[in-house]
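What follows is chain A paired twice: with chain B in the first complex and chain C in the second.
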Partner chain A sequence: MNIVGRHRAQAIGSHIFHIAITVGIFASGSTIAFLVWRAPTPPSCVYTIDRLPDPWLFVIGVVAFVIGHYVGVVLPDRPPKSTDASVKAGRAAMVLVFFGATLVWIFEAIGTAQIALASGAKLEPITYYTRCAIYFDADFTGGWFTRIAIFGIFLIAGHWFWSDALTRPAVKR
Partner chain B sequence: MLRSPLVQLVIALAIAFVIGAVAGGAVFETLTHVVASLFVRLSLGIAACCFLGFLATLVRLLRGLPPIDLAMPSALSPLAALVVTIAAAVLIATTVFR
Partner chain C sequence: MTADTYRVGMAIVIEALCVIVTLIALLDTVADFRGWPNVTENIDAWTQRNPWLARALVLFLFVLLAHFVLNPLPRG
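Moving on to the complex of A and B:
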């Protein structure tokens, strides 16, 4: 395969990788959320030592992190040349990310204090709901969606935060 | 003495964190009549840091200013980054999820 063909194959592979991971995380997260929503009774998600921490989830995360890095080596990203609109859209996305993170941490503070709502229910920290989703997934599907979600998230983390894209010589387009 | 953008950001985040934990905790207690525990204050401190990031990015975007070039150090070892990541994951897995 000549160099043009190899670059084209790498670009296609990179696109498939990004689409597959995005779809995988979305499918896993929405499925777990659906399971929690459809639960017949309010779940008891109190921490029990026999279920979490699960060392295999940790191993999956580490392995995915390393794979994410090497996917970036084998299939280096070749993003199209940025336009003025795309740069502005990217910066606007960061504004929204910071705003969303602010709301999330305020909710976490309220949940940590376990403040009671007018209905009598108590708010819980975000980790409580995360644990709840993991418990339900383990009961309904054997925990496969949890494993897929963790694999996908850590794959992206390794791909983004352990990237050698900044030090790699620029590829002529 | 003019500090680098990265150092200025770290200082600003530290100040925002303290203000969020102290003043945010006081507002929290006033509004909810619940004592703000250490972890509540930590969450409020992080929320203040995120709000600072929100304000900074929004203001620079609206004014047409370029993004802040933090000039992150590029000589960090990937192995060191991996060790730090694993340590953080262990910390989260063994403490937060309990």
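Moving on to the complex of A and C:
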């Protein structure tokens, strides 16, 4: 295969990878949400064992954050040149992110106010559900899902927000 | 404590996170098709332009993590 053919194959592979990841994230997240919603015997958020505080979960976050930074040092990005269209898309993305964050904070406000549902039960803040999920994850997976989630979130945070770009030499094009 | 809202509340939280991450992945896909800088590269550029905002965001993330995992659970 010549260089042009190899680049084309790489581009097609990258497109397939991105589409699969996008569909996979939406399908798996929605499936989990549906299964939790329809669970016949939901777990009760009444705690009988002292599973929190757990300082090791915080340590995992710190370690992942540092690793995320050094991933950027070892494998620096080679960004293509921005265009007017990509700048506009970036702005649209920021609007979407803030819109999503607004929805999350509206839910948080409803939970904090403990507004009652039609059944008489009250919604709780996001913290309540997160800590309840951590508690029961210890039963279902031995706490591994919690550890992996914390590691993944802080790996990305370290890669994105502790940028190596300030210290590395500029790439010549 | 109102344990009977676990299913509804947790499903909403999971779906909200799922939609946000899906939108980010979708944007990355569009950037890939069009040959634009991907999400990581865009955020990297933003971090360079706004180092103090990035530090504030990191501080917020760690405060949130500490809030979740370093506080005791209420018993009973």
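What to note about this one:
Here is the rule we use: the second predicted complex is superposed on the first by the 125 of 173 C-alpha atoms of A that agree within 3 Å, B and C clash if a C-alpha of one lies under 4 Å from a C-alpha of the other, contacts with A are read in each partner's own complex, and residues count from 1 in each chain.
Here is the rule we go by: a residue touches a chain if its C-beta (ideal position, glycine included) is under 8 Å from a C-beta of that chain, and two chains touch if they have at least 3 such contacts.
Predicted model only: the values in this text are computed from it and were never measured.
More residues of chain A lie in touch with C than with the remaining chain of the pair chain B and chain C. Of the two partner chains placed by the overlay, only chain B lies in contact with A:H69; chain C stays clear of it. By the touch criterion defined above, A:I25 lies against chain C but remains apart from chain B after alignment on the C-alpha atoms of chain A. Of the two partner chains, chain B is the only one that A:A109 touches; chain C does not reach it. Once the two complexes are laid over each other on the shared chain, residue contacts for A:V95 go to chain B alone; chain C is not touched.
When both complexes are overlaid on chain A, the residue A:F140 reaches neither chain B nor chain C. Shared contact residues on chain A (touching chain B in one structure, chain C in the other): 47, 52-53, 57-58, 61-62, 65, 104, 127, 130-131, 157, 161-162, 166. Of all residues in chain A, those touching chain B in their complex are 47, 52-53, 57-58, 61-62, 65-66, 69, 88, 91-92, 94-95, 98-99, 101-102, 104-106, 108-110, 112-113, 115, 127, 130-131, 157, 161-162, 164, 166-167. On chain C, the positions that touch chain A within their shared complex are 1-45, 47-48, 51, 54-55, 57-58, 61-62, 65-76.
For chain B in complex with chain A, the residues that touch the partner chain are 24, 28, 32, 34, 36-37, 39-41, 43-44, 46-47, 50-51, 53-54, 57-58, 60-61, 67, 74, 78, 81-82, 85-86, 89-90, 93-94, 96-98. Every residue of chain A that touches chain C in the complex is listed here, in rising order: 14-15, 18-19, 21-22, 25-26, 29-30, 32-34, 36-39, 42-48, 50-55, 57-58, 61-62, 65, 72, 77, 79-80, 82-83, 85-86, 89-90, 93, 96-97, 100, 103-104, 107, 111, 114, 117, 119, 121-124, 126-135, 150, 153-154, 157, 159-163, 165-166.
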